[in-house]
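First, the structure itself, so that you have it in front of you.
We call the chains A, B, C, D, E and F, going by the order they appear; numbering starts again at 1 in every chain.
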Amino acid sequence: MRPSGRQPDQMRAVTLERNVSPKAEGSCLVSFGGTRVYVTATVETTLPSWRRGSGLGWVTAEYGMLPRSTDTRTRREAAAGKQSGRTQEIQRLIGRSLRAVVDMEALGENQITLDCDVLEADGGTRTAAITGAYVAMADAIGWLKARSLTRGEPLRDSVAAISCGIYRGTPVLDLDYVEDVEAHTDANFVLTGSGKFVEIQGTAEQEPFSREELEQLMSLAEKGIADLTILQKAALA
Amino acid sequence: MRPSGRQPDQMRAVTLERNVSPKAEGSCLVSFGGTRVYVTATVETTLPSWRRGSGLGWVTAEYGMLPRSTDTRTRREAAAGKQSGRTQEIQRLIGRSLRAVVDMEALGENQITLDCDVLEADGGTRTAAITGAYVAMADAIGWLKARSLTRGEPLRDSVAAISCGIYRGTPVLDLDYVEDVEAHTDANFVLTGSGKFVEIQGTAEQEPFSREELEQLMSLAEKGIADLTILQKAALA
Amino acid sequence: MRPSGRQPDQMRAVTLERNVSPKAEGSCLVSFGGTRVYVTATVETTLPSWRRGSGLGWVTAEYGMLPRSTDTRTRREAAAGKQSGRTQEIQRLIGRSLRAVVDMEALGENQITLDCDVLEADGGTRTAAITGAYVAMADAIGWLKARSLTRGEPLRDSVAAISCGIYRGTPVLDLDYVEDVEAHTDANFVLTGSGKFVEIQGTAEQEPFSREELEQLMSLAEKGIADLTILQKAALA
Amino acid sequence: MRPSGRQPDQMRAVTLERNVSPKAEGSCLVSFGGTRVYVTATVETTLPSWRRGSGLGWVTAEYGMLPRSTDTRTRREAAAGKQSGRTQEIQRLIGRSLRAVVDMEALGENQITLDCDVLEADGGTRTAAITGAYVAMADAIGWLKARSLTRGEPLRDSVAAISCGIYRGTPVLDLDYVEDVEAHTDANFVLTGSGKFVEIQGTAEQEPFSREELEQLMSLAEKGIADLTILQKAALA
Amino acid sequence: MRPSGRQPDQMRAVTLERNVSPKAEGSCLVSFGGTRVYVTATVETTLPSWRRGSGLGWVTAEYGMLPRSTDTRTRREAAAGKQSGRTQEIQRLIGRSLRAVVDMEALGENQITLDCDVLEADGGTRTAAITGAYVAMADAIGWLKARSLTRGEPLRDSVAAISCGIYRGTPVLDLDYVEDVEAHTDANFVLTGSGKFVEIQGTAEQEPFSREELEQLMSLAEKGIADLTILQKAALA
Amino acid sequence: MRPSGRQPDQMRAVTLERNVSPKAEGSCLVSFGGTRVYVTATVETTLPSWRRGSGLGWVTAEYGMLPRSTDTRTRREAAAGKQSGRTQEIQRLIGRSLRAVVDMEALGENQITLDCDVLEADGGTRTAAITGAYVAMADAIGWLKARSLTRGEPLRDSVAAISCGIYRGTPVLDLDYVEDVEAHTDANFVLTGSGKFVEIQGTAEQEPFSREELEQLMSLAEKGIADLTILQKAALA
């Protein structure tokens, strides 16, 4: 039924390759099937001005797509002179999602910036980015801990993300691009490793959805995130 | 318990004043307690270029805050030279929410632009904007129908929005600014008059939330939207 | 003769509604017939850097038009990414006009920002904005005085503004939009309550004008400003 | 009394050097004492889109200051990424002033652009620019007429400009920079060769001025413009 | 002598990995030691407007650095809102270099865009980009030829690039970052496979250089380009 | 053979007029035939922030073209809102070229900014700008020395620039615009008065060039720069 032949509750093959950038304090090349995102984590001791002197750290994210990550070339945002509303929305989501599992007091006055650059886009780039950014961030925090630059353990939990949607009337897990275009409803879920919700964003693309449908998507997401959490642990082992 | 003395499931006083702009094809001054948004609906026969010739209409929205709608003055975005990520996120949400209840074929090659300018901001500006924009849009569609410029009825349903959150451990309806700042979880719901979901955006501001908490917020939202729908009908009667 | 049926020396109905914004230190909704401008006055203790430490205060203004304040929708300047030359010209004029009646030493190191947002534009938005901004500023100065934050009285006089023009050969007071489009000459006058000139801007739209015509416009303006001054005093009483 | 030793009604030495740019259809290097402006007039057959097909021509102007035209270096606007409000105000004024003496029907569908670049700024750059731009424009119109590209004579009159002000209590003609900084009132006048007003812009820099003072400035301006008109005629002879 | 232990005329290990992007018509991941650039070639049938209808094709390039390609994080140009002068200089160089070996008539009205995104920067990113972009472009041209969309063979030659410099008094080939920072002279050479010069850019960073030194750098470059040409042929075989 | 009738190794008439700007610390109006560039040198005691406290000075340059310096009007960059890639490339080149002959320690913590504004463009504007900017800078350094603001002599050498190219198969010196458009190869050379190279930029516009051709261009440039050096000395005498 699904163009890829997957079962409704079947994710694409997910890989998390650590330490792909020799310069960054943490990095991860994450792939969800044909979607590939290159994530680096940078540690800096300079905080945004509004945060300085608070004793608290900060985690933020930036997102971009290489122009030919898409089927037809997308205009380079640096050339266009601004980031699109979509880009800003996504990078704000990534930042919020990661901050939800970090103890800012333990992090101390350090900033971690996650740069998520999409090499190939085949649906679910924002959820892949969050899932991979957690791995890169965990390594950056490890880098800080190895240098005794934190106050205790800044990581309170892990975090991962997955999209679900209603494709031809059936709730399915991890939409690829072909499904995404056609899906009536598209929802992104960000959950912690312990199964709590960090973010839920559900959108009726064409037809409003019922509460029952939303519940089904939630259950799919809970299952998917559980699997991603296992993969993240394995990658960081 | 709530700073305003409201019950957990009690909305603020909501008013929907129609026809506040003599020039616009539809308009509404909506207030949710101390939050006031001035909405105009503009009908144009020029569509965005990618939409032309499709036989379909388009609905879009723009959002802005007057500089002193907030407790301390916020910089004017026109002077800053760009719209913030938050502004873009909100106006995209408003546009999507309204499109969900419009039959674009029936609308024909007309564009309706909803301008939502916040005169006073006391929490919930985006949900107030959506609720009021529906009223302005309904009048603009009435304007088109009165001139036989549609093909049948473009309005498939009504749409309204409300925020909910977990304030000091209790799920509450319609957060005002004081509650919003402190709430652990903040969720915005957009539902149709017939009770289906158009959009759900839930964010853990500090602590991840459980599925049970999310379900409670959904139930509050369903109740609130039902009340808003009655007010919208009354306003348009 | 005039499309509105007014006498050549007759202003439109002018109203000045104070305290329309509960958050601002001063505010005024001013209307000149179909032109309506929402003005807020914000008091801040931070001055522009070039003014700091001088012991002197500062008064500045910003101006904007809501997109549908005009007959057809005008593009939102925040979306366009810059303020037009016209907008900048107008907000510079408003700022200069108000500074002319303020004793900056008495104001002390406080800044007052007047935000003038046009809800409806039917000609004369800049002169309405100045007239209303004076009322909002007076209230903001009252707010400062009530807190003993000034050194004596910062208000040296009142200030108001009106447009005049030559419409179909006749000098007329307070042009509305229909007249403005057609007028051969358009002049804006800013005068103090004591009848002195703060600013005069006269422009030949099509035909150069004679000194005699200019003198007639001045006399009309003096009469109009005298009436506006009475209305301002009444509003502030 | 005046720092330069001039009489109150005495202009600085004014020179108008024609044909300074071999490429432009008209050009003029104008100097008012230490103020020097390099003006070129460009003829193009492409009109702004809103003007096309009207049968009417268009005249427009742009203004800029070389960074070191001022005592201390002023930031280059191209590097800053935008034109200041002052620059826009001035170039709009120059354009309006020149259009006032052109018969757009006779000009036909041609556009003339006046580029006014200030080599040295010692007060009165905008009035010098207008005075020199008229000469450059007259040559550009001569260029069009020599090619039979007009319909009759587009020039209805000449136009020139001068500033006046109240310096230490005395109304004086043609303020230089030192006077301009200190003057209580500063007014720019644009008049035609036949002595009619095209534009008047008077501003109270510190103290509001009386109608009598304004009348005195007008008389000075009328005298100054009469002299400038003679110089323009001589330059174009 | 060289920090890397290389001989003066020894290049870093160079790899050219083809077809790294499944969506692009051509692609190449090129590495010169620790410098890695991800290049995609996009074929489009839309030309820039000034080129349309000429019967000729066009080749252009864009360049960017991922924020953490550098030792410390570099600001994302899309977030900064503009491309730096350095970025523009480099992408203009890449485009010119590739156009030098393309027969635009044979290419027909097709445009090839080379996107060169630096994953890791360790000196010589622009020369690596050109060398890899040739491979990606060759594949894109192959794609066009396979679809009979060219008129004959558009590739007239191959092209590659290398940097040379004077490091501690010795002319050396292929500067890495550590050498680049310290080098007195830095020159970039772009040559065709047949050994002709397409571009030479030599800069005295601190001390002017003699003609003899320049000749030595040229000879090194000729040797290096010959080796790169062999690697390109092998990659495309 | 050359459109101007010049010999292959013959420069255009070059003039260097000093002290054209009464306000600047140094200035020069340089002409190479029909190319005229107005250069001012500004001395400031404020350095860019990254340079402060280093004890070293800084020299930088900005470049612009007046809109009608070209045959058809070029858009004003200040109005376009940004400097083109070409402009940035040129002003970076001018700055590098001048810095190559300045001892930054001897200059002390002073900044010299060279503003190069093209009044007329007939080919070779960047090389003319460098040649004239040296004269303006030498005067600015003289100004500093006269005030004992340097530590010894900051000028280590003189610097000048010239373009060469292959026009209809013949290497020629100092291309004018007509030649530049048609030339197969275009190279800019920046050399010191003592004959060493500061910068070489050679570009194959259509056909790659051989090493022999490049050598011929170098010899032409060496001859041309020797002549320019004599002219610079004479101007500064």
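By our rule, a contact is a pair of C-beta atoms (placed from the backbone, for glycine too) under 8 Å apart; a residue touches a chain by one contact, two chains touch by 3 or more.
Being a predicted model, the structure only gives us computed values, none of them experimental.
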{"item": "Chain D and chain C - chains in contact with each", "value": "none"}
{"item": "Chain B-chain C separation of Cα centroids, rounded to whole Å", "value": "33"}
{"item": "Interchain centroid distance [CA atoms averaged], chain A/chain C, Å", "value": "51"}
{"item": "Intercentroid distance (Cα basis), chain E paired with chain C, Å", "value": "59"}
{"item": "Contacts with two or more other chains, residues of chain B listed in rising order", "value": "82"}
{"item": "Overall pattern in which the protein chains touch one another (line/ring/star/complete/other)", "value": "ring"}
{"item": "Starting from chain D, with chain F taken as the next chain, the full ring order", "value": "D, F, E, A, B, C"}
{"item": "Contact footprint of chain A on chain B as seen in their complex", "value": "82, 85, 88-89, 91-92, 96, 100-101, 157, 187, 191-192, 194, 196-204, 206, 208-211, 214, 218, 222"}
{"item": "Residues of chain E defined as touching chain A within the complex", "value": "21-24, 27, 34, 38, 40, 42, 44, 62, 64, 66-73, 76-83, 87, 113, 115, 117, 119-120"}
